[in-house]
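I'd like to ask you about the structure that follows.
Which chain is which? They are A, B, C and D, in the order written, and residues in each are numbered from 1.
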Amino acid sequence: MPLTLLRISCPDRVGLLARLTNFIAYHGGNLLEVNQYTDPINKWFFARLAIDTKSLALDAAALRKAFEPLAADLQARWTLRESQQKMRIVILVSKMDHCLADLLWRWRSGELPVEIPLVLSNHEDLRPLVEREGLRFEAVAVTPETKTAAFERMDAIFSEARADLLVLARYMQVLPAEFCKAWQGRVINIHHSFLPSFAGANPYKRAYARGVKLIGATCHYATADLDAGPIIDQEVVRVEHYHTPDDLLRLGRDCERLALARGVRYHVEDRVLIHGNRSIVFRD
Amino acid sequence: MPLTLLRISCPDRVGLLARLTNFIAYHGGNLLEVNQYTDPINKWFFARLAIDTKSLALDAAALRKAFEPLAADLQARWTLRESQQKMRIVILVSKMDHCLADLLWRWRSGELPVEIPLVLSNHEDLRPLVEREGLRFEAVAVTPETKTAAFERMDAIFSEARADLLVLARYMQVLPAEFCKAWQGRVINIHHSFLPSFAGANPYKRAYARGVKLIGATCHYATADLDAGPIIDQEVVRVEHYHTPDDLLRLGRDCERLALARGVRYHVEDRVLIHGNRSIVFRD
Amino acid sequence: MPLTLLRISCPDRVGLLARLTNFIAYHGGNLLEVNQYTDPINKWFFARLAIDTKSLALDAAALRKAFEPLAADLQARWTLRESQQKMRIVILVSKMDHCLADLLWRWRSGELPVEIPLVLSNHEDLRPLVEREGLRFEAVAVTPETKTAAFERMDAIFSEARADLLVLARYMQVLPAEFCKAWQGRVINIHHSFLPSFAGANPYKRAYARGVKLIGATCHYATADLDAGPIIDQEVVRVEHYHTPDDLLRLGRDCERLALARGVRYHVEDRVLIHGNRSIVFRD
Amino acid sequence: MPLTLLRISCPDRVGLLARLTNFIAYHGGNLLEVNQYTDPINKWFFARLAIDTKSLALDAAALRKAFEPLAADLQARWTLRESQQKMRIVILVSKMDHCLADLLWRWRSGELPVEIPLVLSNHEDLRPLVEREGLRFEAVAVTPETKTAAFERMDAIFSEARADLLVLARYMQVLPAEFCKAWQGRVINIHHSFLPSFAGANPYKRAYARGVKLIGATCHYATADLDAGPIIDQEVVRVEHYHTPDDLLRLGRDCERLALARGVRYHVEDRVLIHGNRSIVFRD
């Protein structure tokens, strides 16, 4: 069913939800799913309202216009869009294909409601996997010397492709701070540990050395401060003493695939709101 | 913080949440937590609204009165009460003490916000465990011959104790159909399997015989149809071939304690709404 | 590292493990992994011994010959083979591709150490997905009238392909009893519920109707008695009241993929021993 | 069934398990459970052998004597004891009672096969909870000034009580380095985070601030380097954005209770072997 999705956060006050639901009722909107949360510590209000598009008297553009005065009064950060307009995601990869193959399967089967204008890599290895799906593949090599230029070129490619979201599916390059800032809140990364444990390089080796009994993966928004951005989802799996570092790699791959797929799904369905370094996720 | 809790279910219609939130805003109520769900198949609306009691102009009794016309118009089933008025639960046990000990600990520590007017058993074994907590213990023996009379007596005890909820914490007697009907929606049972697997007697032995790799426990409302009532929560644990039926018993006990404690908690915080044989649980 | 794998089950007796390890030490074998289990109820002994192939003075054929007298004395059921000789698995599918795509990815990446001589389906739909991997695809239509002939033809195809294992990756045909018998212990199925709950058709719909809070998938050996064969592995995921039957389908797919992949992995690494209707699984 | 438990670790070599099982078979021992693991990286051998005590020709003391030459030849670290001789554990607590209450319940019900000569605290608060079980309670106050003397007194108490194991059940004092060294491998702690995340103070508050989607608990051996000792078991639970720091505390308590109970159980059943900073745990 086509949905119109309103996502909003603002300072809390009495009667907030009444004003929002009155606004929607006024325009004939039938609410199909309402998620609301008030942060009791920061006194902040968060909501996601899913409206039956066909019940609305206005289209999304007109509704946005109509909502502006109320939003301004509430000092709100908000988005309002129709689910039929699928988000456009660009997937970034290096040489490992497990997350990419998983996302492609979910896209192909219709489980993940997105458009994929292209997949980009700093290597050529995964071109066949992408092109056989009828998708565009771009390789942009990155070396210490060419890094700045490379990311400028990538930025141009993403903008030209009208990307709504970048998904780092085990892309093994640290993003420049500038780039992170420009795309803030629009880059999702998968880190192969249950953060904050083992931030940085080689988490599985370090997990083995530490002798942990659980390993995991973390899906989070990328920020200039490596592996420290708002967490969207995490997944863990129990491990035993007999698991070698290679076994952890194998078991971890399934965690990574699940956590990344869920995180991307939540984002493209407008289920995530960021507040400081925490993320409010209205899971489905 | 003292809360006023409105729990409501009714046929869905446009503008429902607006009417509810307007009603609360009209009386000055500040919403601290709103959970709402619309069943898209049955077109049914469910909500739980937690209001800051101190922000309200009316007390619970007056607010209930004020809400009646709206509720009638919506053909709603609803409750409205203050969290400070703790629910009164009676725990029923037989000889096994693991669920009882767990509930008593959660009550004593303040984690479970209830009053316990008494614990009742068909045996004397657990009297010391209960009385040392300063709680009343009643033993009502049940034999095939005395069953009807015994349950009539128990019914009287529960009514006299103004019980809001009966918790069957491994109480090993099948409740008479009459009794189930009289207490419908107010009796929570813990069954030692992940229902609908292994309904009925000896679930751990049957789980062993079937060679399952997961065992579990199910917290559900008791109905005349044994182990078939609405499920509130379930818990599972992985088992291996080397676990004997005794090991399953041991591992299952932890599942039972967790699932029962959560189910009771959800109920006494007005987080559960029953619709047919399904339960809507606004978890915390 | 190339391994020689001895898998054995027999009636328990004193000194059993000593005799086995002496035999292996006598032939120079260095044990890399030993799993042993004695069923205390049935007094039955189960073991898997993984030997460094290069440390052995004999090859697998000669070692099998040398082991025969001891095995006969122990009245053992056993297998002894080299891991470098990968098992040949045939995957059977109908129209749904999630389990197939997952197995193909694990095979392609080297995670699943098998040969895939062909994929067989009762429909043409998944031919492109298979052939683009450079694998053979065979379609054998099955109708009520042609069922017997169809399974005879399939049996011939599997034998000619020297299949060690058939993997039913959501193959939507009930296997004839004859066929099950002929391939006993060599057919792995994935059922989309946590058995014994919801055996048979439409488990997700029935799970929704029952209002369970956990759904799952079961990987088991196929037997003539539908969904009643020895269980190898199970996987569950928590669900909430707001999940529609379609959501259960989506969430269940991930359970199915994980449980099937693990079950197949355990089988092809000789980690599973069947005893009656239970399976001993020496997990890795 | 009374068991004789041999726990051993030593450098790996060909024929090791054969020599051990021959030794046991020679003395008539019937092996009921054998767990063996060879660390492929460090070339180290670990095993736990559970022998039916009644099948043995010698008692534990004589068997230990008989085993000494073999152990010396293997350069082994080993223990050999009878399960009927229950380990003596001393529980250390401060003011929080959830782990203590859980351990006491498991001990009282016979689930945890130990003797508890006493419970010790740096406060008086939990005395009633302990003494009503008929157990000895000792309070030893600890202040910065008296710390050295206090731990000397405690050491004397533990030795006089013939303690095999100290269990820190949320004991809120850092152990002196000297004390850790003297009791190395015989002190189990529960830390309220999934280590190495949030080592040190206030893990739940820091978990909230970081916005993680999983919290947990870690059962580990105490070492002078705080929260860095070998991990025995970990437990996690999923959390959502609406969980306050107080909710994390509540949810975490169940993780702590489960992880600590399992860790203690594994230790007192001789299922744990320490190697460097990793622990081999033959789980049951």
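The working rule: a residue touches a chain if its C-beta (ideal position, glycine included) is under 8 Å from a C-beta of that chain, and two chains touch if they have at least 3 such contacts.
These numbers come from a predicted model, not from an experiment.
Visitor: Select the chain at the greatest separation from chain B, using centres from the mean of Cα atoms.
Guide: Farthest from chain B by mean C-alpha position: C.
Visitor: Between C-D and B-C, flag the pair that has more C-beta pairs in contact.
Guide: Output for the comparison: B-C.
Visitor: Do the two copies chain A and chain D share over half of their interface residue numbers, or under half; same or different?
Guide: Same, since over half the interface numbering is common to both chains.
Visitor: Can you give the whole-Å distance between the Cα centres of chain C and chain D?
Guide: Chain centres of chain C and chain D, defined by C-alpha means, are spaced 37 Å apart.
Visitor: Report, in whole Å, the distance between the mean C-alpha point of chain B and the mean C-alpha point of chain C.
Guide: Inter-chain centre distance comes to 41 Å.
Visitor: Got the chain B residues that touch at least 2 other chains?
Guide: Within chain B, the residues that touch at least two other chains are 33, 37, 40, 242.
Visitor: Which residues of chain B touch chain D in their complex?
Guide: Touching chain D from chain B are residues 33, 97-98, 101-102, 105, 109, 111, 132, 242-243, 247, 250, 253-254, 258, 284.
Visitor: Which residues, counting only chain D, touch chain A once they are in their complex?
Guide: Residue list for chain D touching chain A: 37, 40-41, 194-198, 209-214, 216, 230-234, 236, 240-242, 244, 277-281, 283.
Visitor: If we count contacts the way the header does, which residues on chain A are in touch with chain B in the complex?
Guide: Against chain B, the touching part of chain A is residues 14-18, 21-22, 24-25, 28-38, 40, 55.
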